[in-house]
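Take a look at the structures below.
Here come two complexes built around chain A, the first alongside chain B, the second alongside chain C.
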Partner chain A sequence: MENNAKFLTETALRISGVNPRKCMKCGKCSATCPNYDKMEYHPHQFVTMVDRGQIEKLMESDSIYMCLSCMACVQRCPRGVEPGKLVEAVRLMKIRQQGMDHKGPRDIPPMVDEKVPQQLLMAAMRKYRK
Partner chain B sequence: MQKIGVFVCWCGSNIAATVDVKAVAEAVKNEPGVVVSTEYQYMCSAAGQKMIQEAIKEHHLDGIVVCSCSPRMHEATFRKTAEAAGLNPYMVEIANIREQCSWIHKDMAEGTEKAIILARSAIAKLRNNMPLQAGTSAVKKRCLVIGGGIAGIQTALDVADAGFEVDIVEKRPTIGGRMAQLDKTFPTLDCSACILTPKMVEASQSEKINIISYAEVEKVNGFVGNFTATIRKKARYVDELKCTGCGLCMAKCPAKKGKNEFNMELDNRPAIYIPFAQAIPNVAVIDPEQCNKLKNDKCGLCERVCTAGAINYKQQDELIEREYGAIVVATGFQPIDANPLNELGYAENADVVTSLELERLMNAAGPSKGTLVRPSDGKHPHTIVFVQCVGSRCDENTKRGKPYCSKICCMYTAKHAMLIREKYPDTDVHVFYIDVRTPGKNFDEFYRRAVEQYGVDYIKGQVGKVANENGKLMVQGSDLINGEQITIAADLVVLATAIEPDPTARSIGTMLTSSMDTNDFFTEAHPKLRPVESPTAGIFLSGVCQGPKDIPETVAQAGAAASKVIGLLAKDHLVTNPCVAGSNELLCNGCSQCEKVCPYGAITYIEKEVRGPGVREVRRIAQVNPAVCQGCGACTVTCPSGAMDLKGFSNQQIMAEVDAICL
Partner chain C sequence: MTYSYYPGCTLKDRAKELDLYARASAKALGIELKELPQWQCCGAVYPAVKDEIASRLSSVRALMDAEEGKLVTMCSACHHVIKRTNYDWNNDENFRTKATNYMKPEVPYDGSTQVIHFLELIRDEIGFDELAKRVVNPLTGRKIGAFYGCMFLRPGKALAFDDPENPTIIENFIRALGAEAVTYPYRNECCGAYVVLEDKQVAVNQVDRALHSAKAAGVEELITACPLCRYNLIENAVKETMPVHYFTELLAEALGVKEVQ
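And now, the complex of A and B:
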């Protein structure tokens, strides 16, 4: 694994607190996923790709916005891998990468239109809820 | 002053190559108490042992130190050697200069220095040794088997075969256990009842076996060879000796709404019932929750129709107290509750069933008389989906099930799928799996036959949702190999639910002070070398109570447990280990801490008048039963007042060893 890929993987794991090696490839997450068809990389593939260090590929994929953040995969996973948290971590990495210009919750309402991915709102709410 | 002999072994080159054995013998020559110090090539050989014995006699030694291999290897050998020469065997100390010295060092100087230190510490300990006498205790020639499933039955038969009396205590009204509920057995597809019921009959007809059914063990006292058990025989309200099992009462009983436990509650049974046709004992039992006579003092129909006069509404629970030499735990398993895994819809849909329920649905004696029908509408299902690993192999923190593999599910699902395709070729059978695990004789061949010969569709992936749409069960799952999410419209969904120890196992484990793991499986004394014995002496393990197993493995373990029981019961007396704990009554303040940490239940308390210098009062004092104590030392390190001490490993001895190393 080259250095950048390694750094990105470590970042994704640190943000999410997930250990993808616990996955035993049962497919429960993808079997559960309500937006399976829209996800370029399905939840079980997402976990494997993080483990293999393919974070850049994931950051460029629409999958990180197609995930509904419903966390059904997190709840159902028999191994406690929490795939949804990985998706969220990669999404955060993408957001942070683009100039550190993320907004606070008060900045959001005037900007909301159909172009703003719902997932961004969800992520912001989760992040600033505390 | 004591007279101590030191004997340094070369162990060929095992020790001598890294330790200068002559230097060791020379170095300890002038230690206090040492009168003779020598070395030899093989101390454990006949010549080496003779050398020790002659030295004991010649120098009138009253203790010896052997610097050799681990005490696990030859401590017993050298104790026997010393005993034959008239020395107390507990006046022998081993300094381990092989495993803990020569084998782990390369440098001769370092190795020699360490060997000398180890020898000195053994000498220091020996100076504080006291001669110890091993006691004996008698063995009661009777065995208690808790649980009357195939494991308990097999153990009882084997123990009885050797001529010892056995009591089987079964909590249900009949023996037979889970195996009696099964339809066919893998991988030979022979009928479960056909191979089990002859064993049940054999057990009931054996003169040596006494079946105490509908009973539970309430209390166990004592220790290996001398257990006393109190057994509560629950009221059946039917006289076991009079009832002929004719079944007339069952036919006449008007309260027919009892859940039929034997059929996994898929149909009903009367309030007075015999669990199944081949039940042993073949005696009816009244369910007090259902019976109108017992609840409201109305009805009494069964008493009127019974030609044998066996019904007795006044019957009370009976307490039986018996003495046993050995106890075998064979408490078995139950399937886990599938209700909490709500995505699989077990609670809402009658047509989502567990595998054990399917066994009853396919069994000729089951609620549908062997015709495979859906529980909801009685129609033949055309598409059946099996889901593997339901509640098995889960991370413990997810609270979704058990961390272990239940082991039997892969094989019984292959069996179910095969039997269904054989009997109803118009049925589509799909199996969602994570891994297919089929190690075992003719097991993988069996699974491949299900796929290749019977065309069962195995899909790698799990099921995420089961939803009822107009009577069809829409099963949404992953097909990981084709990389797609698929939905199958099924008529019947079968869950291969994990198995867990019977819920009574925990209380029985506590009663027997027999250790268990976090999943309530009984722990074996050694995972490889003592697989059928509990760490608590005199307690043996048989069947699934120790871990998931199929029938052949259960029977094998049952036989192994029986052979261990026979080995114990064949002895008239047991030699007890004299290295046991004891409390100094002048120091003990009766705080109960030792009792709490004792894993064997060896410590009790007595009120005793204590007379010592300036003391004369009645005090609560810890007392150790030497026959139960295994000498683990947990109490000695727990005791806050230093009253507990372990003979042969006293605090004084250990500190002398430490001093010899450090000073």
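And now, the complex of A and C:
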């Protein structure tokens, strides 16, 4: 593995606390994912790809913004791998880079109606920018 | 009894009813919800990585300010974030040390505050049987479904107050109010959450599945503890629609204090 890929993999493992080697490839995470169809890389693929050091591919994919953070995969993983934590880790690794906010405060107002709960706006700020 | 209470940002604005009906109902049940004198937004979503320290500090402050070792929450999101932060405090030494070093509190937080949702308070400290006795306007004949959503129960390891896959707390609450509790398969699935901002279709799909599932089981109205679930269930309902209330609204109605608001 080249140096950058190695660094990225170590970071993803460290901040997520996930051990992808515990995965027994049952696919339950992807089977239970409510937003499976919208993801280029599905939850089980996150686990395999992180293990193989393919973090950059994941960082470049919109899949990191399609996770609903509903914790279905986290709750239902029979091996306690908790794939959702890897999605969160890779998304943060992307937006923590300078100038890589996915959306900023100016992008949000045109996207919402007057009924949206503040909770949604707060969640967007947490998920899309650093 | 007086309990420290963390209302959260949405309950001060778009979800005022959730808060007002809760306070009125609590009063009718002989409970005072004492709002924390100063609180900060919980951040609405829990930062699920180990090195996000600062984004969990507002929750730690709320936990430290709670009196008598208990903090009552009302909103699913606040409950989720604060309870998980408390779990981290007691299980992740790195987080505990870094947060303490940063905040430098006069008295370090000892991790002993219990985060209890208002429904848990009713179940465990009043009891659903006792609640049923206090009901003056039983909701007889109404077929009500619980929409738990994702944040209220998962992950079960940290939230630990009901079975995350086969919950009963809201159904038992509905029964105590005199209504019929109807269970349906999608009651603990996600409403589409914040992804609705980027892709409305995601919420439309989730809501459609949930409402279809509820209708097929005979549900006529839904109750929830989450403002975002309620928003999605109403605003992104396309094929099926259904009235969606906060659980506190029905509680106030059954206790005869709804009109007071």
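In the analysis below, the second predicted complex is superposed on the first by the 98 of 130 C-alpha atoms of A that agree within 3 Å, B and C clash if a C-alpha of one lies under 4 Å from a C-alpha of the other, contacts with A are read in each partner's own complex, and residues count from 1 in each chain.
By definition in this document, a contact is a pair of C-beta atoms (placed from the backbone, for glycine too) under 8 Å apart; a residue touches a chain by one contact, two chains touch by 3 or more.
Computed from a predicted model, the values in this text were never measured in an experiment.
Of the two partner chains placed around the shared chain by superposition, neither chain B nor chain C is touched by A:L13.
Contacts of A:P78 after superposition on the shared chain: chain B is touched, whereas chain C is not.
After overlaying the two complexes on the shared chain, residue contacts for A:M59 are found with neither chain B nor chain C.
Residue contacts after overlaying the shared chain place A:Y36 against chain B, while chain C stays out of touching range. Which of chain B and chain C touches more residues of chain A is settled by the count: it is C. In the superposition on chain A, A:C26 makes contact with chain B only, while chain C stays out of contact range. Looking at the shared chain after the overlay, A:D113 reaches chain C, while chain B stays out of its contact range. On chain A, the patch touched by chain B and the patch touched by chain C overlap at residues 72. Those residues of chain B whose C-beta lies close enough to touch chain A in the complex are 343, 389, 393-395, 397-398, 400-401, 434-435, 460-465, 476-480, 483, 485. The touching residues of chain C, counted against chain A in their complex, run 8-10, 12-15, 41, 43-45, 47-52, 55, 75, 77, 150-151, 154-156, 164-165, 189-190, 192-199, 202, 206, 226-228, 230-231, 235.
Remark: chain A residues 22, 24-33, 36-37, 42, 44-45, 72, 76-80 touch chain B in the complex.
Interface residues of chain A facing chain C in the complex, by the touch rule stated above, are 14-17, 34-35, 38, 65-72, 74-75, 82, 84-85, 88-89, 92, 103, 108, 111-113, 115-120, 122-124, 126-127.
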